[in-house]
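One structure is given below, encoded as structure tokens.
As written, the chain order gives the labels A, B and C, with residue 1 at the start of each chain.
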Amino acid sequence: MLRLITFRLAHAVPILLIIAVLAFLLMQLLPGDPAVLMAGEGATPQAIQEIRQRLNLDQPLVRQLGTWLLHLAQGDLGSSLQLNQTVVSAVAERLPVSLSLAAISLLITVPAGIMLGVVAAYARDSWLDAVAMAVALIGVSVPTFWIAILSVILFSVTLGWLPSAGYVPLSEGFVPWLLALIQPAIVLALFQIGFLARMTRSAMLDVLDQDFIRTARAKGVVESVVLWKHAFRNTLIAVLTVVGYIFSLLIGGSVIVEQVFALPGVGRLVVQAVLTRDYPLVQGTLLLFGFIFVLINIATDILYLIVDPRVRYD
Amino acid sequence: MTDAALDFATDPPTWRHRAWKMAIRLFRHRSFRIGFGITLLLVVVATFGPLLVKTDPTAMQMRFRFRPPSERFLMGTDGFGRDVFSRFIYGAQLSLWIGLWVAVLSGIAGTFFGVLSGYVRAIDSLVMRVMDALLAFPPILLAIGVNAALGPQVHSVIIALSVSYIPRTARIVRASALVVRELDYVQAAKISGASGLRIVWRHILPNSIGPLLVQLTFVFAYAILAEAALSFLGIGPPPPTPSWGNIIAEGRDYAVEAWWIMLFPGIGISLAALGMNLLGDGLRDVLDPRLKIEG
Amino acid sequence: MSESNILEISGLTVEFRSGGRWITAIRDVDLTLAPRQCLGIVGESGSGKSVTALSILRLHPAKSTRIASGRILYQGRDLLAVAPGELARIRGSEIAMIFQDPMSSLNPVLTIGEQIGETLRIHQGLNRADALAKAVGLLDMVRIPDARRRVAEYPHRLSGGMRQRVMIAMAIACRPKILIADEPTTALDVTVQAQILNLLRDLREELGMSVILISHDMGVISEFTDKIAVMYAGQVVEQAVGDGLFDAPMHPYTSGLLRAIPNIDRDVDRLATIPGSIPDAARMVPGCRFHPRCPEALESCRSEAPAMIDLGGLRQTRCPPRAERQGMIGGRS
């Protein structure tokens, strides 16, 4: 098992390296002189020259890449052009907001999506299945930002139950924190719930068709135990394979949700960075997101080892 | 019996026959029928709508700001007095256009990389590691990054989204290439001197087309949603362009007073994504019952 | 219901749903099982033997199967009518079942001990530790070496034969009165087949169970059972007790199955098999269901569906021409 984990970690190293190179190359995609683009219209030649030097743009490409990787290895992602901050500190400052949002959203997504999928699979072809799958389908079809606006109109403007925007840190109390985040977290969860429910349903149907389910019934196991002990644990193994993708959806969605609900998180930072042509910041945050995703995938793989006895031995 | 008749009798069913049978099975599938209906409706609207709508979607008529839906303005007007219906129709065209291009481009590029890595052993692990790395960026973020680099234009949205969906497509094609490559008759074809290209064309591509098509339908749906999200964030096609996401972004501040501005494009996006998702469900059940994972 | 039978199936008709239509899978099946008896049900795949077996414990996929008519009397109670809770109590404790494919019949994420112990915990209310201890004893009983270590393992570590032994251990855990074995050796190697069948025979004697053994292999059936029902296209076509069926088959289909046994004592150039295949259940042929493949078919076989003919001595056939011949040649005593 330890060997498998080590192997998995080693496997991640080249991917991390390629992510770093891809993030670096993104800057090279800029048409024309990046320094001119970044400085904006009407910039003085000195300002342009300053940017060029700060970003090592005056050096050959390979040299630039080398410097980029070297700095990266030291935890240095460069500095923002606009914020007078390093990329790392800019992200670190906003990370608690995004993590809070992601955590609450995930806590809603996982039980809701799995329940919906299990119920639909178990009540296959009944009205319950139809309703559950219609809900899931709507979840993966309705755009997040649109539902976010509609939700604000209903719950914040009309009913006045929840704040429409802004973030309250956890240090100011659990309830205010939760109140500020619950609406965006639910809105953010909708797509993932739909995805997870559809996924769980088909995995569950697969499992329910297997011979060992019939064996359990033949032993006299009652239906609820067949479902939750025999079928569900096997379903979970299949569902685990998409956990990484769920995270990816979550991160992508949080960019939009943070924008609508004016939450000062990392997603909002990226959008701001793009709009103000703060390319080092775009590059740095993308890279961090990529790294986080790889780490999450390693974590799910290790989880897999724990849940699935077949992988554990072989 | 003539030779022609003999041929007819011994030939396996032609592809035309098989395609016909497949179509019948698809149309027996309820999700597929509904999805097909919705998609057809939107395609008709997007294709013929612009010919019928007289109003310029970008023409501002300040006299008619914030008019609610009426006979004259079916979906009302926005803050600049532009006809939302006209913008909606052109937005539909743009959305489907972008969705189609993203599906086609990521399909072609994904197939290329999938075949390359599934067939040419030597570079398999390199290509797949790059794909894994690309996969590490959530599609919308990757699109934001690429778009930031290329500038806010329709074609950069298309490129950005295509790039982000290549890895998933490539994985699917690679998976079937790996299976097909080991089949006895493919090995036999190889030994008897069939060229690599011929094997790819005759065996690998036909075998991956089912799962690929299913995948691309879902990519289509995601692309429509992602394009709308990018537009909404202000990183999509630049503002005067009537894209569904842009209309919603512009109508957002008046969502309560002038609800019609953002309501209709939202419904449009949802319908388009719903239609493609239903199509994908139907295709998956019929073409590839074993395929469970979308996206 | 005769007192001497532990299980009596009568008039059992089961239908499957296929493309919106209900199709008859088995029709009017009558079978009886006496205590300590081993009933063999033999037939090709698609003959309805597994459907019959699954009906006893109502283990069909519920939504696509329905029992159109019939009764399955177990100790005087109709299993088709008992409440789900009662059925669950009977399953595994009084009537147990093992299946064809031991590779997929065990839950991959539960240990062997857990899966055997579960039966004991459900029906005998044992706690986890006691159930596990008893599972070790059961593994010994089915002759799995090193049982103490094996209980903690997962199914994928075991060979097919070992897994089938685990299935048997699970089935006999509560000392059931009836064990249904649905093609228990089909998926196994020839050498393992004999071991498993011998094990089943020994356990039957040891525990005094009745066994229903389902197989497509006449050789297996002839060696291990004392009563035989031959099924074809959803019907029982011949029944016999003892060796009578092998000496003088009373149905051409039975004759065909017997010829299909590879006989190594005799020098056979060609394996005699029955040409053709079972007719599609959705488009059942009129008359005798076997007539399209029957070398002895008469004109009357094409139109008249034959009823079961009682030949006396617990012998039954659905072939009137042979029955008649029997009457002419030997007569009934």
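The rule is simple: a contact is a pair of C-beta atoms (placed from the backbone, for glycine too) under 8 Å apart; a residue touches a chain by one contact, two chains touch by 3 or more.
Just so it is clear, the structure is predicted and the values come from calculations on it, not from any experiment.
Novice: Hey, how would you classify the chain contact layout here, line, ring, star, complete or other?
Specialist: Line.
Novice: Highest contact-pair count belongs to which two chains?
Specialist: That would be the chain pair A-B.
Novice: Please compute the C-alpha centroid of chain B, do the same for chain C, then give the distance between them in whole Å.
Specialist: The mean C-alpha positions of chain B and chain C differ by 52 Å.
Novice: Distance from the CA centroid of chain A to that of chain B, rounded to the nearest Å?
Specialist: Inter-chain centre distance comes to 22 Å.
Novice: Which of the residues in chain B end up touching chain A in this complex?
Specialist: Of all residues in chain B, those touching chain A are 129-130, 132-142, 144-151, 221, 225, 228-229, 232-235, 245, 248, 252, 255-256, 259, 262, 266, 269-271, 273-274, 277-278, 292-295.
Novice: For chain A, which residues count as touching chain C in their complex?
Specialist: 124-125, 210-212, 214-223, 230, 233-234, 237, 307-310, 313
Novice: Help me check something: in the complex, which residues belonging to chain C touch chain A?
Specialist: Answer in residue numbers: 57, 59, 63, 84-85, 88-93, 96-97, 99, 101, 104-110, 118-119, 122-123, 154, 156-157, 167, 170.
Novice: Can you list the residues on chain A that touch chain B in the complex?
Specialist: 14-15, 18-19, 22-23, 26-27, 29-31, 137-138, 140-146, 149-150, 152-153, 157, 195, 198-199, 202-203, 206, 238, 241-242, 245, 248-249, 251-253, 255-256, 259, 270-271, 273-275, 277, 279, 282-283, 286, 289-291, 293-294, 297
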